[in-house]
Every structure is written in structure tokens, then in C-alpha cells.
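Some notes on the structure that comes next.
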């Protein structure tokens, strides 16, 4: 039966100068919407899963347009909440070669940041779901968002729904009075699959050493939070803004495995590649019976995202498995 | 000698779906910048005056791009202030015929709203200026903005610089704890030329009656604030979003005069037409020696703005005087 | 409770040169999707109703993209059918003033034309619906489409769901071996609300006289098909491609009523205005308790569609009622 | 048999800001090509005639692209000459309502201006032609162009090919040392059909009085140059840049006739409407056996051009005759 | 004297999302026209040859626009046939790196597929030609197309015109009841220059072994069809959709020769590169007196096409010979 | 204190087909402005320096628009001169891989070429400046431009302002009757920092040998012109139009130093990279106390320009120093 994923988090309006123009050159902005968790849900939708997203938008034409974007990309939006206040936004200037991309966030005071736990009935939302996914961005946004996320995780636990969390250390996002060290443990404790990095595990939980190996940190994290089943990461080598190399890695609880490195020689859009990895991992763990295949699927999905414009990975299972199978030729499909 | 105008107020990023598309149809937004006072300054610049604008932008690439927009359109930007926080924004969906345009503001907490009087040295800024212009939007934004505006007006008074104010009643903009009834009198008291409407004068100062004549209200306003030299307004007849009629009117202190009505049968962009009227009035009062010509100049400038895309009136003195002279034919200039 | 509408019919890819360019000038085509029945459903969705559409698309990326268009515009698409064959298409060159718009159809052999009654389970589809709408285009496309439409109507009858049909005479569409005179009576017989014209009633059913009055034809139609509750039409005066006048009219079974004529002086997009009328009528009949209001709502919705790009009427109930209430000024909503 | 037209004159690159943007707003220019005589030829091509154009372009990629534009629009280009020097250019900012369009020419020293009579073998070029058309712009450009034009006219005379000339008074174009009074008589003397105006006839030939009637001037012109068979003009009423009225008029040698006035309420592109009139006249005189129909055809063609973007009238005979027949409704053609 | 090429085959409308967008992201399609044989003719036109194309289009504005595309790109179109039915189409989503391009064809029942031999008078068409080129796509489309192609080849044989055929095995195109094994031998038998591959020769003619060498298959093909003078192929290495390597190869009848491999590191548009190879080969064989130069010319032309948008190779002889000569630097030409 | 740069030279309108389209495919041109010296000034402006440019434009809307471009990009334009005549232009078709970019100039008779020394008061212009920069293009344009440039240099010398000159040998630009061998020595003699190449030094001054080393030529140049302080050059390796390698080199008067080679694997826009090198060098020499850092700064600035669209390098000091420091990863800045 078709698997169903629920995600929760902010969706922002993304505004970017066309092509490789700089902010100072723009007389128009290309417009899409994106956010870590919704990106994962949409990508899973393109992989054929059912997916729905929970978020909060302003109750105006922009909030409606954002919802329509999610609906268009196959998401269920029955549980989107509307209220006052503005839509979170980010501005993206795309870089090339040695020139870095530049991102400006305008998300403070957004409709999502004002979400409160009582606005969502998680038992209803999670009914029929197989998987719930969250990221470390959500608890950083506001106390309401963090509490709402925790309730979602706990409800999923109760209902026997798998929980994955993609957590990184974005220290400077935490501005509402709590630290990530205070908030994150409670969320991670109830999570089954953690996607993180050596740095993330060190900075958030004080485990392992900066620059130490990923597998060591992963093992320590699992020891600390026994519910965790797998810790997954990826190595990214930024040869330049236009050339990236990607390799998934996983501590399965028993062993450390690594996917084949994939070489993305002509990057089209770098944003959301981590989310594509997460969506590939979720799809992989739900549809393959071995971790290696799941990890290869995640890595191939991540590599493919670099060639898709926008935040989300609009590729098919066939696209991913073809690349997993070693077909890197990109030959025309007629 | 070339006359010099100083203006003060918020400049917002304006984002609009291309052509007549609705928000829900947009995959890009056209990008310009605008704000009531800067619109007046820029329009005066295109009329050949010197003009500079004082505002506050975020200290990032977007604030720089907004500054560059002002510079490109001939404004002096030496006194733009940079600081944290976001750029005010408005979203414009252009209407047609019976379908109204729709505007969504996102200006709360903007860099400009956090301006403080001590950030501007008005004596320096106003050095060499002939005119200072403000609008009723600025004091509605924040207490800091209102105080800064008052200081500008008083400094102008001291330096013998003419002051004009374009005041309307936008009740629902006042959210910082003061009302327009409390704040506006002090500002208007020190203003020489007031642009307003019967409704504005009634709602802000409690003078005259709603629906009563403009000249009556204007007379009462002048009696209350003796510094005021002229009260100017315009009658707009909205036959539809695509067809507007405009007529300037003025209480000169002695008599009530009216310009010819101009019939704009094919509106291109309705935004900023009031600001075009104000800029035409300032130019007219500075360059003509009779009020009737100044008022006709203002009305013609206003009518022409309806045919120019964006917030600002990029027409020349020759364009305006040709229309003032009764040439409505729009014949090709080779 | 929110009312629910089901529609059935072909959805085509619409390709048009940008702006007022002619086919010979195009180096790109603007892309939307549309079809008489889906246009009605989408417009009702924007009016706040629930709506779902049944159609058949090719099982490829274009069929998916068409479905995504419907989803984005709020439609339920759970009952879209996929199969081989191509997507119906139409090419639209927009006219102006005396230059007519030009439409080229390429819909023969489309995936929809190959639909078979057994592909749809109408009892499931119509579950929970309040209204079913069809148009005279569908039975003209193919025998399968006609049979499928008839089954939908009969099922709706059985389930107590109101049925409306928008029928015109497009003789040259009927190419599969049956004539409209043979096929239409059975469909109309089971329909509650008929939208048509004097010409349509005459050419399809041989009732009334060409050029005779609408109310006479309408009365004869109702006599022939007693289930019919109302016959509705509209008078369109094409002053030019850029200037249209619209007036709804209705034979209520008891009397002949007419809406106010609305004058659309600057047409943006003429396509789908009849569908906007139908959607306004459905909304009006479901939400007002008198025919005059319903008819005025339909007329205002139709007039507004002329200002919206694409096939569908993306206006709100507030937009329509404001115009119904006589507010033709199109003033900016802030 | 299909009639064949030969034209001779400069073709310029036309660069214009998109939509109604002003020069100062442009970050791109829309690109077409045009020139009075080639516009006539292309329009006749769209009316189903054979047409070829003689001109001179720079021998580089821009000259090639200009040629390709002519070819695409059905012209024969076998006799285009290539040489050094630049492509003539004009910049067009489109006006609206009271704001005039603005044109900037950059044609001095263009490849065409350097044409020499010996570069064209007119007997070869005119072989098989039914009509040769020139305009008063060509002799104003350079002595070489004037001489080349004269030779073309004389060769046409010799070969029994009808000659039409569209002459207006553009005094400030004449910069190469000769005046229009010196050069034009010789050209007009050998011309069969003259399109001009009261002002043109007065300023060039000193005939009639400024502001006097067209028919009087026309009669005087014919008396002076007995070869002339008809003198044709049009009255244009510029209500605004967006609203024009057009009426053709003709002195047939025996009587003065006038076409119906056509009212163009929503102008799309005003440039080239005079050329559309000329092409309609040529087509009309070649295909109708009475002057009134020819004149109505010319007027309708001219009116339709106002709705077509670019310099040339891409409408069909059917479009024109439908409008001639009084069908001003612009109804969609399916 | 300038050499003249005649080609015959379907020309399709090509619609593609802008840039690297996916079908699901498109709100417009870029529009060009293309088809294997016309691509060859156009490319030869840019190389300075005369070229004309024979095809069949619908008799509507789209068929006209397609013809205009061919004319613009220097082709003779005097022998284009117009009739009912639709224009063949293909939709192209451009891939990048590991993401394959995706092509959707909609060509069944196209105007071209309904061509009949009696519609073309090949003796007239081929008058004055030096070369006739066909591809294996044409006989796969319909029996009429196959018969028409055969007649063209035979007429060319009779008139002493060289014939080249580019044949590949596209099994799933053959739907009209005949197989490629039945139809192709008769066509190839009368062809002088064959472009194919080891796989093509094996699957169509049952010669050689899959995976065997090209030169072996080529030799067998020549033995079977003695008229064949050369068999030409190319090796393409698809490192990714964005990086391709190309090498021409030829069995001259006496020996096997190979061109230098060219490395296309940043692919702009991959479509039509095979046609560019064919056009380069035709040009090369007509203008060089040794096979090696001809083959190098073909390979360089093919490599350059990867950098040109659209189906056709708009490069000059100078571009090709510079690359042939080893200048791979792409330095700016001023 | 912020350093101030003055530059002098022609600014041209740059028109280029969008993306990688060829001239023959363009239906619009992207529009920016550029010119060697202004490019240097603008780039220095983005690096935080004060900069103003002296040039001459036509006194029309295009000249105004060009000025607005300079203003927008932070330049002082108080000393721009307006007069008759046209705006210099260049057309750029962007190449890729083996396909070269193509540039067509149209600058003869431009407003700048008609500049006369008496039009500029250099003492006023140079007041407060730290640096004056010129290039070898200016003296090639016209005698007036050459004389004006010489006067600028001499005035700078007098005022103690550093002078840099970027000189190359563009023989075919010299058309006004003098040769570069006659004109250049006087200019170079008074210049402090020369940017040139082995070829340039050889062809202009007859020093060194073609193909000899840069350091040898540089030394000879310094011996001949003792005022020169440093001779700077760069090695560019054009692997293809899409892949370039850059390395700065300098003869410091005492030793020969070389920067690290930077590898630009995905070129976005190659134009103006030499000017970016010059601007980086000026910034570097003004802000670092050792030549090696200055040279590395110049090389990094040059490499970054390859990734910026248009003529000018809109990168920040932080962008350059990050690359100088070895960070080639182009990681997203949030």
C-alpha cells in the first residue's frame, strides 16, 4: 500500500534574481516556495508516496498562493492553519564557481513562528500515516513551534508511526530565549531515525569531538538516546559552487556503511539538496529491505536534486534507481 | 538656480505579478521600489529639480539594492541610514475594469519603523534645500518616525525652507499607541502647504463635515493652523480600475480654484498618482508665479502618472506642459 | 455546510503567444489549462465551494502537469483517469478591437475522447456532492464521452443531486457519427438547470424560431422537458474584441427576469467568460434564496472574468458581491 | 495570377522597452525590424501577394538577422545588398493616453545611406513585378538613395509597372545638401499613385494652402504632374495615444471620396499604420474594380494595424474584408 | 557554384520549459521547430549552401508559422504542402548531469503522416539539386511517407543526384503495419552515403553482431548494397547529460578512418547533434577532396551543435574549420 | 579614509541575445552598459571605494539612461558631458565551449568620439582623487579623446595623483589618422602603473620580442619610461569559452612575481574580466602594503568576474579576500 508521510514546519516564499544575476541587478524575482520539511514531503510525493504538510500561513492572498504551491506539488493541505501576520521569506542570489550563493532570511514574526500547540490536533493529522519527519529548524523558530513539534513527535510515538529528524546546529537561529542544548534532547529522544553530522552531534549534545569521525559521534548519540535506530549523514565536497560531490553514510547501529560518491559537475540549484537526501532516505527505508540500498537511494536522490530548479526534488523513482544502478549518462528518455 | 527638495519616509520593495496576473498565478514578481515621499522626490528629479531622500534600510544586499534604485532615479542618497531588520514590502496585484487592485503590506518591524530622531542630523541634510515634503504615512509608522518627521519640519521652519505635507486618514495604520488626532496637529501646524481631502481634514482634525465641500474644510484648517498657506486637494472619479478622471483643486487662502478635469481612459499603473500630484504641485509652486498654473501642472502630472509603470512619475516638464496646454493627443515624438 | 460541485469534461492544454502577439510572432507560448466544465469547477472553488473534476489525461508528464494545474486551483483530482494517447490542446491568439481572437483546436484522438463509461464509478464520485454540471461540448467529443456523461447525469438524478447543463450548438464539433439532435435530448431531459440561447434551443431541439425571443424558446424547452427548473441565458454585445457588454437573463418557469447590463470596457481575456457565468449561477442558486440575486451574481462573475487572464475566474465572493452591489469603481483594496 | 510588389528603402532595427516601460526602466529591448517600404511589402505578403524588398545591410550577423526577419515575413530577399557600415536603428518608447510615444533615430551613416545606383540592376529586380512602391523617406536619406530610387521609378515606368509613392514632409531628415523641393518633383512626376496630405503637398511642392482642403491640393498636384492617377490621403484623429480614428480619402481624378471612419479604441501599436494604409491601398487597387472598395480596404487595413505589435500588418484579406463589411465586433474565430 | 541540398521529412513544433525547468514547473514553453531532415537542410544553409525542404503542414496559422521558421533559417519552402490535420509536436524537458532529458512525441495523425506520393513532383523539386538527404524516421511514420521517400530517392538516382540516408533503429516508431526490416532495404539500396551504427545495421538488416565493430558491419552493409559508397558513424560518450564526447568514424569502402575526439564539457542543447553531424558530412564530402577532412568537418560541426539552442546548427564554415584546425579555445571574435 | 578613483572613457550600450541564443535567434536583447574604464570604476565602487567617471553621451533619453546605469552602480556622474550624436554600442553573442563569443561594435561617430579637451576641466574633476585610470582604447577612438586623455594624465601628475593605464594593442581600432606608435608613448611616459602584455609592449613600443617573456618586456618598458613603477599582466588560458584559467603577474621593478592560478570551470560572462583585474589591482595597491597581496587580490577579482553577468564586477572585498585566502568552495552565505 502507498506509504504516507506527514511533515511539519515553516514554508517560506523564496525570491531570487533570474539566472545568475545579483540582487543589485534584479528587476524581477523568480518565485517559488520552500522549507526543509515541506521539501521532504513534496519530494516523497514525486516518488509516489502520499504526503501532507502542516504549517501556518497568513490569511491573505499570499498564504493562499503558498498553499496552492503545496497542493500543486501533490501535498495534502487540509491541515494548513491560517492567521494574521506575514509569510516567512528568503531571498536567494545564486552563485557560481568561486562566487558563493547568498541567502537573506526574513522570517521573524512570521505566521508560522506564532503557531501554538493547541492549533493542531495531531491525532487527526497523523491518522493513517506511516512516517513523521521534522527538522532542527522548527524548534529554533519559536517556543510555540518547538512545543508543537514535540507534541507531534510524541503523538507519532503513541500511534506507532516512525519518526525521523534532520538536525543541524544553526546556533544563530535560536533567538527566543531557549538554547538548542535545552530543547533538542527531548525531541531527539523520541525520534527513530536521526540525520545529522559530527559537528551537529557535538554542538547540540556535547558528544564526540569536532573533526572526529561521524561513526563515533553517531554511536555515542545512539547510546544516549536508545530509541534511535539509525544515524545518517552525508559528506559533501564543495569543489566550487558549480561542482559538488556527495556521499551518504550511515551508522546502522551495528556497522558503518557508505554509499558511492556521486559527482555533480554542473550544479543547477544547490538549495534543498539535504532535504532531497532526507526524502530519499525515508523512501528508501520504507521500500528497501536493506540499509545499503536505502542509503544509495538517498544519495542518488540528493545528487539529482542539484540539477532541479527550486527547493524540491521533482524526480521519479525511476530517475533515482537508474542513477543508483550506475547509469550516470543522463541520456535522453524518449 | 535649480531648486532642491528633501523628502523623508519609508521606501518599500514593491513586488507584483506581471501584467494583470493574480497572486495565485505568479511564478515571478516584478520588482520596483516605492514610498509616498520618495516617489515625490524622484518625480521632481525627473522634472529637473535636485532631490535627496532620507530613509532607513537594512544593512544587507536588499537595502543596498533599494538605495541603488533611488540613485538610479537621480536621488541623492548620502543620508540613507543602514541598520538591522527587514525591508518594508508591499505586494500589488493589478486590477482592471471592475476588478480592484489588491495591496498587501508587510512593513511592520521594518528598518525604517525603527528609525530614531538622533539618527539624522537635519541641519546638515537640509543645507541648501528649498523645500521639505512629508506625508501622513510617516507619523503613522512608529513613534520614532513621527518624532524624526517633526524634527525635520521644525528644522526646515528654522532654516526658512518651505514645508509641504500630504495628509490622509489611514486610521488602521496607527498601531504603536498614539492616534493620528494626537500626533498630526503638531506636524501640520508647522507646515506651509497641505494636501488633503474633506474626509482627511474631518477625520484627523474634526473640522468640517464628511461629504461637505473641500473649500469649507480647507478654510477651517487654515484658520486653525495659520502658518498654512494653501490647502490643495484633488477629485478623483473612479469610473473603473481602468478609467479615471482627475481634477486638482486649491483653497489659495483667498479663493477656491479648480483645474481642468483630465480623463485617463486607459490606466497603466494607478499607484503613486497622488504622489505625482504632490510633486507637480511642488514643482508648480516653485516655478510658476500663479496658483492656477501650479494646480494645472499638478493635475497634468498626476494624469500622466497613470500611464507610467511603477510608483514614480518619470515624465519631463515638456510632457506635463504639453498636456497642460491642452494637447491630449499623445502624438509620437520623433 | 460548504457545498460541493462535481464536473466532467475534457481539460486542454492552452498555448498562446504572449500579450497581443500573433502566432507568426511567437517564440514562446504562455501555458495554462482549461476546459468548459473544469473552468466552472475551479471558479466555484475560488468562490469557496468544494469542487472536483473527472477527466482523462495521458499517462505521462503532461497529463501529470495538467492534473497539478487542477490541484493547484483547489480541485479534487482523485478521480482523474490516466491512459495512453495525447492531451487535447488549443492554441489561442488574442485579438484586440476589430482584430478577432483566433483559436485552433487539436483535440481529436485525445485521451479524454477515448474515455469509456466503465472507467468511472459515478456513485463513488458523486458521493457527498450537491451539484453536477456538464456542457454540450462533452457529448460532441465522442460516443464514449457522451455515454459517460449520460451515466453521470442519471446517477446524479438517482442520488438527488442537482444537475445543470450548459448547451450550445457547435455543429461542426460532432464528427463521430451521431448528431446533436439525436444525443442531446436524453441528456437534457434529466437536467434541472439549462443554460442556453435562442439559437441553441432552436438548432438542437428545433424549438422556437431563430432570432425569436429567448423567453419563448425557454418556455418551449421547459414544456418539452418537464424536469427543467430554469432556463438561463445571457446577452453579450461585442462592441469590439476589447469592449463587451453582458446581461444575464432567466426564464424561471414563471417569469422572465434580466440582470443589470455590465459594461466591460477593457477586456483582458475573453475566454471562459461563459463558464464564469455558469459557475456564478451555480453558486448563486445554491446560496441565494431568490433568482434575481442568483442571476445578478452570475452576471457579475461573468463580467469580472473578462479581467482575469487564463480560462478560469479566480475572483472571490467579495469581488462579485461588491460589483453586484453596484460598485464598478475597481478601487484599490489595501 | 498572384500580383507581385517590389519595394525599396531602409530597414532599421527597432528596439523598444517591453510593454509601456520607459527608456529609463528598460533592462531589455524587444527587437523587430521595420522601415516604411518594407512594412508595405510585408503587409502585402500577408495579404497573399508576392513581394520582394531591395535594401542594403551591413555584412555581419546583424545584417543577416535583419534579412532573416524579412524572409520569415514572406519577402523575397535575393536582391538585398551587403556592405560595410552599421545597421540603421530606431528606439521606440511606447506611450499611452496623454503620454506620447518617443522615437530616437540612429540612422546616419547606415549601410543603406551609402547605397549607390550601380549596386542595383533594376531591370532584373523588377522582372515580373506588377507594382513598385517608394516613400519620401528614401530620397531624404542620401543622394545615393535618392538616385537609386529615381532609377527604380524610371525603370518601372519603362517596364509598364505601376508606381506608388507615399510622400510626407519630413524637413529635418534632409541633411545631405539637397532639399525636398529640389529632389521630389522628379520622383513624383513619374509616379502613378501618390499618397500624401494637404501639408505634404503644400510644403514640398508649394501647392495649395496649409489647412486648406485635401481635395484641392490633390487636384493641383495632379494638374502639375499629369502622370498621377490618384491622390490618396487619410484623416487621423488622435483622441489620445491609446485611441485613434482613421478615415481614408481619395481624389480619383474625377471626384473626392471618403471611406467610413474607423474607431480604434484600444491601440496596441501605432507604428506602421500609415504603411498598412499604403499596403491596403495597393492591394485594393489591384484587386477591386472600384476606388471606393479599394479605399475602404486601405482604411480597414490601417485600422487593424493599430492592434498588431511591431511595424507590420500581419492580417489576412479575410480580416480586412470582414471589417470593411462592417463587422467591428472582433468575435473569436474558432 | 553553390551546392544545393534537398531534404524531405516531418517538421515538428518543439515545446520546452524554459532553462532547466521540469514539465511540472512550466508556465510557458519555448517554441522552435525541428525535424531530422530539415535540421540538416538548415544547418547546410548556415554553412552557405542552398537548401530547400519538402514537408506537409496543416493549412492553418500554425502550419504557416512553421513554414516561416524554415524560411527565416534560409530554406526554400516553395514545395511545402498544406492540408488538413494537426502539426506534429514534441515536448522536451532538458536534463542536466545525471538527470536525463525527457521527450514526449505527439506526432500520430500529423499532417505529414498523411502525405501521399502523388502530392510531390520530385523531378521539379530536385531540379538543380546536388544532394538529397533522408532519414530512417520518415519511412517509420506512415506508408505514404515511406513511399514518398522512396520515390524521391529513385528520382534522385535517375537525375544523378547524390543520396544520403541517416538510418537508425527506432523499432517502436513503426506502427502502421510494416516493419523496418521490410521497408528499409529498398530505400538503402538506392542510397550512396549511409550514416548508421553497428546496432542500426544489425537490427535493421540482420548484419554483423550487436556490440561488434562498426567497420565490420559497415563492410557487410556495403557488400549487400553495392551502390553504397561510404558508411559513416559516430561514437558518442555520454559522460553525463552535461558532458559529451564525440568522434566521427567512416568506412570509406577501402579503409576505416576516425576523426579526433571532441570533448563538449558544457552542453547547451543536445538535440539535433546527429543532424549537425550529417549536415557537416554532406558539406564536407561536397567541399573537401579527401574523406578525412570531410569526417573531421562533420565531427566538429556535431560538437559545435551541442552549444547552440534549438534543433539546428547555426554555425558558420569559419566556426567549424577553426575547431577542425584544433582551436578549441572559444576566444571572443571581435 | 575612503580612496577615490577617477576614470575616463567611452561607455557603450551593450545588447546581447538572452542566454546562449545566437543573433539570428534573438527577439529581444538584454541591455546593460559598459566600457573598459567605467567597468574599472564601478568595480572599485563595489569594493567600497569612491569612484566617478567622465564620459560624453548623447543628449537624449538613451544618454540619460546610460548615466542612470552609472549612478545606480555607485558612480559619480557630475562630470558627464551631453551633446549631439549617438551612443556607442556593442552587440555580444555569448559563446560556449568551442563556439566563440562574437562582438560587433558600432562606435564610430559616437558622442564620446567627438569629445574635445576643452569640454573637461580636469583640475575640478580630479579634486580629491587618489587615482586616475585610463586604457589604450580611449586614444584609439579619436584625436579629441586622445588629447583629452593626455590632459587628464598630465593634470593628475601635477596634482600628485597616481595614474594607471591598461594598454593593449588593438591595431584595427586606430582609424583617425594617427597610429598607436605615435600616440601612446606620450601617455605611457606619464603613467605610474602599466598593465600590458608581452605582445602589447612589443607592438606598441617595439620593445622585446613577440613570444618572449613578460618580465623581459616589462623591464625594457620601465627602462624606457622611468616614471613607470610597476608593469602588470596576466596569463589567461582559454581551455574553452566555458573554462578559463587566470594568473596575475607583475614586474615590480625589482622582481617578477606571480599569483596563484585560478581555475574558472563554469564561465558565466567573460566580458570585463580584464577590467576586473585592473580594478582589483588598483584596490590592492591602495590597500595592501605588499605587491604579492595586491596581485593576488587582482587575480581573485578577475576570476570572480567570470561568474558575474554584464561588464562589471559586482563583488565585495569579502568575496575577493575569501577567494584569495584559498576558499574556492563557493559555499552558500546565510
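A, B, C, D, E and F label the chains in the order they appear, each numbered from 1.
One rule holds for everything that comes next: a contact is a pair of C-beta atoms (placed from the backbone, for glycine too) under 8 Å apart; a residue touches a chain by one contact, two chains touch by 3 or more.
All of these numbers come straight from a predicted model, not from anything done at the bench.
Different-residue interface: subunit E and subunit F share under half of the residue numbers found at their contact.
The rotation relating subunit B to subunit E, fitted on Cα atoms, amounts to 180°, rounded to the nearest 5. If you average the Cα atoms of subunit A and of subunit E, the two centres end up 45 Å apart.
In subunit C, the residues that reach two or more other chains under the touch definition are 19, 22, 24, 27, 68, 72-73, 102, 266. On the side of subunit F, the complex with subunit D involves touching residues 15, 18, 22-24, 26-32, 60-62, 64-65, 68, 86-87, 91, 93, 102, 104, 106, 108-109.
Residues of subunit F touching subunit E in their complex: 19-22, 24-25, 95-103, 105, 238-243, 266, 270-271.
Interface residues of subunit E, counted against subunit F in their complex, comprise 19, 72-73, 262, 264-266, 268, 300, 303-304, 306-310, 314-315, 319, 322-323, 328-334. Contact residues on subunit C toward subunit A in their complex (touch as defined above): 68-69, 71-74.
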